[in-house]
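Labels run A, B and C following the written order; every chain starts at residue 1.
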Amino acid sequence: MGWTFNNPLFSLTTDDQNKEAKHTWEHESLGGIAENNNPLPRPVIGLLLLTFATAIAITFPLYGQRPTAAIYLDYVSLMNSTMVQEVMNDRTITHDAANQKAMALIEDSLAHFDSKYTFQRAQHPIDLDQLRVIGPAIIELQRAGVDLEEYSVIGPNVVKSNFFNIQPDGTVIAKQPWWDKGYQISFWYFIGFCLAVIITVKRLPHFSWRPDHTIAH
Amino acid sequence: MAFREYRIGCWMFGFALSLSMFVTIILPGLDISSMSSTKIALEKQLTYGWETGFNYYDPFLQGKDKPVKVVLTKDPMTGKAIDKTDAFVFPAGTHFPSGLTHDGILGDDVQKASEELGKIGQADEAQGGVFLVRSTADDVPYIEFATATKGWTADATLKAADEKLLAGSGKTMFVREGCWWCHTLLPEQTQDWQSFGRPPLVGDFNGESPTTFGSDRKAPDLLHVGSRNSSREWMVMHFFNPRLVQPHSIMPRYDYLWGDVDADGNAVDLPGWDEKYLAYARGESIYPPAVPMPAADSEARKLIDFVINLK
Amino acid sequence: MLKYLFSKEDDIPQGTAAIFFGISSIAWFVIGTGLGSFNAAKLAFPDLFHGLYSLQFGHMRQVHVHAVIFGWIAMAFAASMMYITPALGNTKLWSEKLGVWNCLLYNVGLCLALALLWSGVTSGREYSDHIWPIDLYIAFVMVVPWSLNVWMTIVNRRTQGIYTTNWFFAGCMFMTIIVFLIGNTPEWLHLTGLNEAYMTWWFAHNILGLLITPVAAAITYYIVPKITGNPLYSHRVGHLHFWSIVVFYSTPAAHHLMSSPLPEWLKSFASVEGVLILVPAVAYVCNILLTMQGRWALFVENIEIKFTITGVLLAIPLNMQGGFQQTRAINWYIHGTGWIVAHAHLALLGFSTFAEAASVYYGMQVLLRRKLWSASLANFHFWMLLIGFSLYWTSMTISGLIQGAAKIYEVPYVDVVIAEHPYMIVRWLGGTMVFFGNIIWLYNMIMTARAGDPVPVGRQPAEIAYTR
């Protein structure tokens, strides 16, 4: 392959090859059909780049999935603290008012700490009544020493998540993945494809050349 | 490749297709094959036998060559009371599921336990035998060949059974009648846990063929239907004419699976039944005609056993 | 037909195989859509045909699917390949005799395969339902001779070049054979468990992605430049389309099993690749629509272009749906619902069928050297197909959305059945319209063969469509 290194993208072929290609191109009629040599329109190239960006963005595994138990652990520990319990058990106000006040306290305390779950908490807000229901299960799991990220909150239940990241040694991690082997393969696969197609297409005569279809017919 | 360079094009084509198949077949195949069987997978294999779709031993999908699942409350040989146990009886000549005949299906731990504790190495298709599903102290499930470990023979076990489930043959009916075109066997991971129960885990299918997940759900998922509804009477009515128990159902009637005679030996008269049913539908009688109970060897009974066994 | 089976190769007129394949494909289209309409009726009114035990839904559903895929679509492909491939190479078909035998054995095999499915003898795997002896027959008696004819015609061409359409024909036939042999490993090798489930869908995805979609596209690559007289817009965009089909369309099989416990990395990979199917789609649609520059009047005037361009335009929503519905973000909502059924019909009845119908219309006129018997009936056929399909697609999409909503709100399933009832009726109506349209088409084609005006030598049927 003749590759003009100082002008790599415009010609990956020698002049001879281009001349030969142009001759073949113009001198044959394929069953009465001819082909032009137009480039992809610019907007379409934009569309294709957008497609790849979208593909990577929309297939993030975190979309459309259940909250993990881990994001509520701090809520539950705070709920069980004396300060919040006092508010919750305050008989002078209604149940709803007590709930709201207690939740405000919890959220206020949480706001003081950096947490890697901030985004997911905003995605999956919870109220105090639901917290009461799932609380004991989360505490129990925490005592058992398991990784809470491997558990999902499904309605009133805390259950082992249904994710199977099979590790090289055969063990399975039930965490929600956000970047895995599949993404890496896709990435390199796409890049390999682009390089191959660019090399293929750039070895054709430059797109400013318009074949003369009157010759073959 | 430039204009009209087909030799290079063919090589690139071959390379691209091979790479694609390497990533989509070899890599996942290695991962999937490395997963150990769960207890559910062992039970399913022993319930459904070797192959449920078309095969040499049952070319017309009549439910042949299938094991029988039995429920025991007494030891078949000594007659002593035991805890309620599910046993899987393979009459002589019934083909074993892949897990018993190939080393790579069960997973290393399960295979080791099944051979050392379960003595599955002594099982022989020509002789048949009885299998149980057990767990080791470390919670590794394994298959026990009860004919070797306890001396239970197939005939004695069938005789001592409290209940016989022809679920293996029933799965053949499920495949042949195309139930899986509308009823999936795959509660989804992200949504329908509440309605249809626990989605299957990765090792739950080892040795099962076909898996008949279904793709186009026009009816409820059935993977755990036996836990939601285990009433045999309801199933009988529902299979005979779904509109008897669910007026809005669009399920076809499976009354033709009753065969010629019912459980009491009376002839099954489908047109006669339809006539009475139409009279009921027109309001001319108060009760719909009684649904005949399927005979013990009818296809309807097998299918109902399969569905009730889906716990 | 029978007299050509034992004739000498030289005595068989050129195009015979294509004509037989073309007529067979239309007949199978009538049968397949008739079965579809019949099945749809039972979904709306389950007791409508009560008593016809031999035509139970669970037995007939797969017969409909395989009658349209292997009968209509694949045979229309065969018909197209048998006249387009030689035309593009300025040569004859490699062997008309092989083509005629191929057509006969194809029809015989298909009847046998469908009869077995009908009686319930099945492997129990969606899209690879056929039992393995039939799979062997399909691969080596139906597909290999067909491929051989296509490949050898291309090898024996009299041009230096191979036009884009023929890249696709040759490549897709090769990939189809590979997919058939490897995709049926669950049967050849008795694979079990998730491997079996995954390979089943690997087959299903790739037989659609590497046979039906690209060959339909390749046909339009021929029909549009040929009838409009414009050169194909771009050879280089053709490259992008072809290579991205091979690279991206062959990989996302796992996206059919997003809710199963397959390895998560595989699902991630499949869903990225699934969106990248938009790359060939964009390249293809852009190439075809830009080829139409200056000749858009033909979209109204010419029946083949009307069919083709409608198909190409339907490819846009098809690929938009296909690209995005399989991602985790959307799939959990619509998985296993009527939405998918609508999508499958958009691919096969929308995009692909319209492209093939054009090619069969065109091919029959060219090969028989006769003008269409009735342009009005052809237009009528077009509108029956388009309206019938639109009704079908809309009703199934809506019913799929209902089902999806019911799934997340945990509505008892029978309420879903009740809510879907009106849409099932519309689906039946739509399917029946398509069925009737096809009967008209079959009639029109038979009349064309018998009583159509001869096309003078050197003229195109499209040029004289409106002359009396």
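Here, a contact is a pair of C-beta atoms (placed from the backbone, for glycine too) under 8 Å apart; a residue touches a chain by one contact, two chains touch by 3 or more.
These numbers were taken from a predicted model, which means no experiment stands behind them.
Path length between chain A and chain B in the chain contact graph, taken as the least number of steps between touching chains: 1. Taking the mean of all protein C-alpha atoms as the reference point, the chain centroid lying nearest to it belongs to C. The distance from the centre of chain B to the centre of chain C, with each centre set as the mean of the Cα atoms, comes to 34 Å. With each centre defined as the average position of its C-alpha atoms, the distance from chain A to chain C rounds to 33 Å.
Chain contacts: chain B has residues 3-4, 12, 16, 23, 31, 35, 189-190, 194, 199, 201-202 touching two or more partner chains. In chain C, the residues that touch at least two other chains are 160-161, 235, 243, 247, 251, 261-263, 266, 269-270, 328, 332-333. Chain contacts: chain A has residues 24-25, 64-65, 162-164, 166, 185, 189, 196, 200, 204 touching two or more partner chains. Across the complex, chain A meets chain B through its residues 12-13, 17, 21, 24-25, 64-66, 154-155, 159, 162-164, 166, 170, 172, 185, 189, 196, 199-200, 203-205. Chain contact summary for the complex, chain C toward chain B: residues 42-44, 46-47, 50-51, 53, 56-59, 61-62, 119-126, 131-132, 160-162, 167, 171, 175, 178, 182, 186-187, 190-200, 202, 235, 243, 246-247, 250-251, 253-254, 256-257, 259-263, 266, 269-270, 328, 332-333, 335-338, 340-341, 403, 407-408, 410, 413-414, 417-418, 424. The part of chain B that touches chain C in the complex is made up of residues 3-4, 6, 9, 12-13, 16-17, 20-21, 23-25, 27-29, 31-33, 35, 41, 51-54, 59-61, 97-98, 105, 175-182, 184, 186, 188-192, 194-195, 199-202, 204-220, 242-243, 246, 248-253, 256, 271, 274. Of all the residues in chain C, the ones that touch chain A in their complex are 84, 87-90, 159-161, 163-164, 222, 225-226, 231-240, 243-244, 247-248, 251, 261-276, 278-279, 282-283, 286, 290, 323-324, 327-333. Against chain A, in their complex, chain B makes its touches with residues 1-4, 12, 16, 19, 23, 31, 34-35, 189-190, 193-194, 199, 201-202.
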